[in-house]
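Take a look at this one; I'll ask things after.
Per-chain numbering from 1; labels A, B and C assigned in written order.
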Amino acid sequence: MPKMFRNKIKIKTERRTQLVDITAQVENVVRESGCDDGVCYVYVSHTTAGVIVNEGYDPDVARDIEVTLDRLVPREGDYCHDEGNSDAHIKTALTSSSAVIFIEGGKLLLGRWQKIFFCEFDGPRHREIWLKVCPDAAG
Amino acid sequence: MPKMFRNKIKIKTERRTQLVDITAQVENVVRESGCDDGVCYVYVSHTTAGVIVNEGYDPDVARDIEVTLDRLVPREGDYCHDEGNSDAHIKTALTSSSAVIFIEGGKLLLGRWQKIFFCEFDGPRHREIWLKVCPDAAG
Amino acid sequence: MPKMFRNKIKIKTERRTQLVDITAQVENVVRESGCDDGVCYVYVSHTTAGVIVNEGYDPDVARDIEVTLDRLVPREGDYCHDEGNSDAHIKTALTSSSAVIFIEGGKLLLGRWQKIFFCEFDGPRHREIWLKVCPDAAG
């Protein structure tokens, strides 16, 4: 019977607000897991960064998401938290700390234009993403 | 031992921004799966549409969500992506590409007022929603 | 073979918009489940409340998230739904109705600063949170 597999991805972000396409690294972990069919959970263990699935073909889409989140939740504002990164916590709440993607035939089952993006909101920093690959019950 | 079941729903949206209640179609797939107890994953493979769980009793709630998302992220704005649908990608990031719902006694375990909504942000279009039903381990 | 475990948490919120740290209650359910390694799903069955994972060390972070959501989606606005809580439904759509957290060694695998927050948007109310603990396949 297939087994669960867990691993980490480590990345280095370059800007304060930055969407980073991590699809290839997630694919590598799925390959490493040996899982043919199952579910892949992507989990961000930070509180000033999130994860989304979105368009990865035109990099302008990621840029537009970054700019718009910065417009909706500016770095400066009516904040009490005194570390100067309340906006980053709020953007994390508006995106998500986790994503789930199906696995089929040993590959991530993504839509044609979909990529997995780590969402840095308080970079540049060294970051970790936790992955868990759960094979389907064998039946 | 129970087995995983996967299927697709196909819908046709009618407006550019439109929440579509897909609960009945998801229920049908759960019934078809034969799963008594488990988890149902709803996954949107598009990058200009999402999925949420929200109130389905009064259709004005869906309308208020649509109007407010259009106010927060207008169609026209400081966008680089030249396809004219950056707002739709951003709304997808603010909602979600997936939802998870428990299954109990062969039915979706939803709260009293909860329905599952496909969130169209760049319609009208033909759309697909991927579903995966994972039965609980038999123990 | 390990079995699925399901339970509920009941809480009482005190303010209209309020993030409530429910990590200890979720930990209790994980302990009660006897699960060593697996996945914990947190599901909010209400349509005017959500769940997020965010910083729990400085309570000002939760306060800043509350205030910013109230700024982005004010209680009064161009709403059709006549119960006066459209903003609460919209804030639920912007956060999430569910969260997934890994379990390892019988404990929630959270990042150093992460806590699980129930997000009340139409309180004060009595609320329920549904939990499901799914052990990993034994292999």
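The rule we apply is simple: a residue touches a chain if its C-beta (ideal position, glycine included) is under 8 Å from a C-beta of that chain, and two chains touch if they have at least 3 such contacts.
Fair warning: this is a prediction, and the values are worked out from it, not measured in the lab.
Undergrad: Could you label the chain A-chain B interface same or different, taking same to mean over half of its residue numbers are used by both chains?
TA: On the two sides of the chain B and chain A interface, the residue numbers are mostly different, under half being shared.
Undergrad: Cα superposition of chain B onto chain C: how big is the rotation, rounded to the nearest 5°?
TA: 120
Undergrad: Roughly how many whole angstrom separate the Cα centroids of chain A and chain B?
TA: Measuring from centre to centre gives 19 Å for this pair.
Undergrad: Two or more other chains touching the same residue: where does that happen in chain A?
TA: Correct list: 72, 94, 96, 100, 137.
Undergrad: Please name which positions on chain C make contact with chain A in the complex.
TA: 37, 39, 52-55, 58, 60-61, 63-65, 67-69, 71-72, 94-96, 99-102, 104, 109-114, 136-139
Undergrad: Give every residue of chain C touching chain B within the complex, in rising order.
TA: Checking each residue of chain C against chain B gives 1-4, 6, 41, 43-48, 72-73, 77-83, 86, 89-90, 92-94, 96-98, 100, 130, 132, 134-135, 137.
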